[in-house]
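Presented below are the structures under discussion, each in the form of structure tokens.
Next, two complexes with chain A in common: one pairs it with chain B, the other with chain C.
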Partner chain A sequence: MSVLISSIGFGLISAAILAIASVGFTMQFGITSILNLAYADVMTAAAFVAYSLNKAGLDIWVCAGAGALFGAVFSMLLNRFVYAQFARRGTSAVGLVIVSIGIGLIIQYVVVIIWSPNFVSYRLSQGSTVQLGSLVFTTLQLTVIGISVVTMIAVHLVLAYTKLGRAMRATAVNASLARDCGIATNRIVDLAWLISGAMCGLAGVIFAMSIISFTPSSEQGFLVVVIAAAVVGGIGKPYGAMLGALVLGLATELAALVINPAYKDVVAFLLLAIVLLIRPRGILSGLATREEVVA
Partner chain B sequence: MNSWQYYASTLLVFWGVNTIAVWALNLQFGVAGIVNFAFIVFQSVGAYTAAVLTLGPASSSGYEHYVGGMNLPFPLPIIAGALAAALVSIPVGLLGLRRLRSDYQAMIMLIVSLIATDLASSQADLVNGAAGLFNIPQPLSDQLNLSQLDYQWFYVVLVAIVAAGVYLLVRWITSSPHGRVLRAIRDNPETATAIGKNVTANRMVVFVLGGAIAGLSGALLASYISAWAPGSWLYPETFVYLAAVIVGGRGNNLGVLIGALVVPGFGEVTRFFPQLVDPQTAAAMEWIGIGVFMVVFLWFWPRGIVPERRHRFAKPTQPDVGQPASTAARV
Partner chain C sequence: MHSLSSQRGRNLVLVALFSSALLAGCGSSAGGGSSSTLSIDAFTPLSGPEAVFGPESTSGCLTGIEVINAAGGVLGHQFQCVATDSRGDAADAVPAAQQMLATVPNLVGVVGPSTNEAPSTVPIFEKAHIPMIAQTGDPQYDHANLKYFYRSTPADDINGLAMDVWAYKQKGFRRAAAVFGNDVAGQGVVPNLVRGFQQLGGTVVSNQKLALDQNSYRTEVAQLKAAQPDVIFTELDPQTAATFFGELKEINGLVPVVGDGGTIGYPAWVTAVQGAIGADDMSKFYSGVQILNPDSGPGYDAFAKAVVKIKIKEPSQFLHDPYTTTNYDGIVALALAMTASKSTDPTVFNDYFLKIVNGTTGATTVNTYADGVAALNAGKTVHFVGSAGSIHFDQYHNAALPFEVDTVKSDQSLVRQGIVPSADVTALEQ
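== the complex of A and B ==
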């Protein structure tokens, strides 16, 4: 029983990291229809920017903030000066995926040249352990979960209650109609990439912390789970990505316990395949439509 | 001189194998518009099948564990590789090509690719897990008794013959009425449905056929390099082939032949640049070069080096007997 509970604990931590990353990823797809496969490489770059600052003696959470800032600005510029330009020329969706892979290669190997391809680690303390019922967390893990919850609430508040959020949802559903209604869609798209890029950078730093030592290619494998979480809930839908992250985070850790740790990703993907067979557009497909009608 | 021959023949084999694969992907993506992000899986199924059928039985104490071990003679493992890939294409196609939006199809294919790599790496007994298969005997190498260099050229000829056969097949399909239906489906699936064409069934045919050709290319590749492991077919490899199709000219069989030379060949070219920096940085520069090339190319030549020909149909010159010419013209 206690093994089961500790698996749930691990699942919650993976879900927390996954949620930040996949909500950012899904927002980029939702608002600009770009499947940004360079996402993992921006995460990596942010993790290494944070690493340099951490090495210079800054506190890890200040570095995480800097990583988020880097991710935000970099992603916004990447969209404005690369993806948006290609999209304007009428490059197909698949063409844009190829472009994003090219960009990803460039970022990843520039990171290799600047920081070396070797393993590095942050200097941080795990903190004391905290007992919550039968779950045992370190304060570091609790902080990660806390940051994730705060980020998710912030995303929800922005999307549901602000003018910006309404404009973003309008742009996601129909950009040209939104423009005709007087929404400055270019500015909205920039802001959306700033917000999603910040989540990308933050997730990059936190993921690097969670695997203790990392290289410029460590976050590649994580992208796979990020995409899976985004697709389970219905790609392009932030609430879907949150739900997907929770489902996948718990399912992978429980599968590791019940079946075999080697199969934890396989179980995650099989789950995804089943979800897509039953609800081809993700768990939240029906709900989201209703929501769009209300908004 | 020998080392140059060796190098040239190796490049020719890779070009040939890549061309076969790219023709298969062009059939699926270029002609039929299927965004098959799992393409590399089918190549890999062919490679593994050919490998386990060529290899002898796995010894229980050895480092290699795998199913099969049939010791079959030369053409059989390669043919079986193609058939196995076609068989695997059927369930994947049934899962992925149902009426989903093309971005969802792409996602499902990507996920199939990830599941497949994970399964092959974690199942230690199926195809030797993450370590992969090695020491695969090269086809006919012990019967022919050729020197290493002569064997290289023998393999170039073998790949060239297979490639010629595959070219005739894909050209026959793309220029047939079926090819016309596929292009119609690619350009406008709704209209194709409206005139009574079954979108899913037509796509399924090229999905399975393309899978078989991909398997063939994988079987030839694994038999040549004598090894195959999950590291050889990670999902980005599919995008290298997709880049080759786009660079060459989507939908044009001769264009993608050039794409198969240019895209993987770009890494070879950077190898000859003067060594100004340490090898590690040089390797990183090579990848950056490939990334820059992909982005710059798509910017300047979005339709590829040799764009798809516009298909024109000759107007009927002879009006049907007994009908006024104006009616025929309207038809």
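== the complex of A and C ==
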């Protein structure tokens, strides 16, 4: 029983990291309809920016902030000067996916050139152990969960209660109509990529902390799980991505316990297939339409 | 004590080595090889993910022909080393093997194949009656009846038995956990490892097959903790190992870890795990069991003098490489088999190979090719003990070698903790 409860706790940690990444990813798609497959590479680049600063002696959380800032600026520039240019010239959605793969490769190779393909690790402490009932966390893990919760609440507040959030939702639903209504959609798109890029960068650093030693290719496989979480919840829907992250985070840890660690991925994607069979547009698809929680 | 840093250069010198090998062999074989020149082909991955294995094969091949040619060749024939890129891929290797058989003149032996391409190419070489000095770690050859196949380094699963012997007999561990990846390389080791430990009297309290490169193994670590092992056996890729052992340290605290050659033999693995658990804990809790890196003896001295003469970049990096030394020994033994049989026809001299390597009653022990030829010309039978020491091939043509156990210092140099004799491993294999 204690291992089961521990697994649930571990699932929450995995979900916390996954939530930050998948909400950022799904926001990019929701606002601009771009399936940015270079997302994991931007995460990686942010992780290495943070690594350089950490190596120079800065505290890991300052470095995480710098990684988020890098992710924000880089993603915004990436959209404005690459994806938006292709979209303006009429490149199809599939074409943009290919462009994003190419961009991802370029980023990957540049990271290798700058930082080498070797394994590196952050200088950080796991902190002391905290017992919460049967759950045991380190202060580092609790900090990660806390950051994730704060990020999710912030996303919710922005989307639901601010002018910017309303403008983002309007742009997502119909950009030209929003523009006709006086919304500066280009600025809104920039801001959306800044926010989602910050989550991308932050997720990159936290993911690298989580796997402990990392290389320029370590975060590639994580993209599949990020996309799965976004799709489970309903692609383009931040609340769906949060829910998807929670479901996948718990499912993979519990699968390791109940079934077999070798089949963690299989269980996660089996779950994805089942959800899509029952609700082809994701768990929150109907709810999203009714309540207009499309970002 | 050996430095891992020298191994780091292998990838970097690959291109240079391949070029050198071609200059030494391919260039002259395809176009200008004379009819009296005999060819050994280093059939090995020179490109692709497995390319790291190529230099070990080609360096052994080049060193072998260096000493053979310096001693006047074989029955008046000079030797050349030809490099063929198997690409480390079962499908790609087949046309490469067929092209090699069709184009390399006077082919008398192959250094290779390695693990990935062995299943598809061993039958081709066997049918062509070409003796193979193979490096495949695939357990399927543990009991294969092949006439021309000689595995000069122990299979991966034999490495698992050596880990058992070290942990149980030499360190006194009784409760073991096996933590391996769900890939072929990892799972190839597990059955023999588990059987061997139980046969010795130990208990395998947990056998975990991990999905590779996950962002968390905390649940697996919690399960391991509940099983309370006093030693962990492992082969995981560097990323997985770093995450798993980092989380083990965080959740449970480390317990002794014994890795196989797929861990200690790879600088990237050491770097990743050292970064995850810290250099002090790496040194304290981890040890790796790998094929003994030779470093002394008259056969080794002859090899060491020759290897630094071969025309590749940084030849000294192969001085303590067990694959280079066993490949070298295999080629010298093939050449002595030719001399003993007075034939360069593989169907004839192949029958002499085991006699030369395993030795026969009354045979004169020789440690160099030149001494071997002199003894044979004097009418004696010879037992060749080369750079890797005395090698004995069993009825399935698998060599038994001792293993060494090393820990890793903070500068990543290795400190030898002990030796696992081949006899102990062989006894457990029965």
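The criterion applied here is as follows: the second predicted complex is superposed on the first by the 292 of 295 C-alpha atoms of A that agree within 3 Å, B and C clash if a C-alpha of one lies under 4 Å from a C-alpha of the other, contacts with A are read in each partner's own complex, and residues count from 1 in each chain.
In the analysis below, a residue touches a chain if its C-beta (ideal position, glycine included) is under 8 Å from a C-beta of that chain, and two chains touch if they have at least 3 such contacts.
Note that the structure is a prediction, hence the values are computed from the model and not measured.
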{"item": "When chain B and chain C are modelled together on chain A, clash or fit", "value": "clash"}
{"item": "Per-residue contact with chain A, leading partner among chain C and chain B", "value": "B"}
{"item": "Partner chain in contact with A:242 - chain B first, chain C second, else both or neither", "value": "neither"}
{"item": "Chain B versus chain C as contact partner of A:82, first or second or both or neither", "value": "first"}
{"item": "Which superposed partner A:94 touches (first chain B, second chain C, both, neither)", "value": "first"}
{"item": "A:43 touches, of chain B and chain C: first, second, both or neither?", "value": "neither"}
{"item": "Partner chain(s) touched by A:31 [first = chain B, second = chain C, both, neither]", "value": "neither"}
{"item": "First, second, both or neither for A:17, with chain B first and chain C second", "value": "second"}
{"item": "Chain B versus chain C as contact partner of A:265, first or second or both or neither", "value": "both"}
{"item": "Segment of chain B intruding into chain C (one of 224-232, 242-250 or 260-268)", "value": "224-232"}
{"item": "Contact residues of chain A, present in both the chain B and the chain C interface", "value": "260, 262-263, 265"}
{"item": "Touching residues (chain side chain C, partner chain A) in the complex", "value": "182, 208-211, 213-220, 222-223, 226, 238-239, 242-243, 246-247, 250-251, 268, 271-273, 275-276"}
{"item": "Partner chain A, residues of chain B touching it in the complex", "value": "29, 35, 95, 98, 100, 102-104, 106-108, 110-111, 114-115, 118-119, 122, 236, 239, 242-243, 246, 280-281, 284-285, 287-288, 290-295, 298-299, 302"}
{"item": "Residue numbers on chain A that touch chain C, as the complex places them", "value": "3, 6-7, 10, 13-14, 17, 118-121, 126, 136, 138, 207, 210-215, 218, 221-222, 225, 252-254, 256-257, 260-265"}
{"item": "Chain A residues touching chain B - in the complex, by the definition given at the top", "value": "33, 35, 82, 85-86, 89-91, 93-95, 97-99, 101-106, 108-110, 112-113, 116-117, 224, 227-228, 231, 235, 260, 262-263, 265-266, 269-270, 272-273, 276-277, 280-281"}
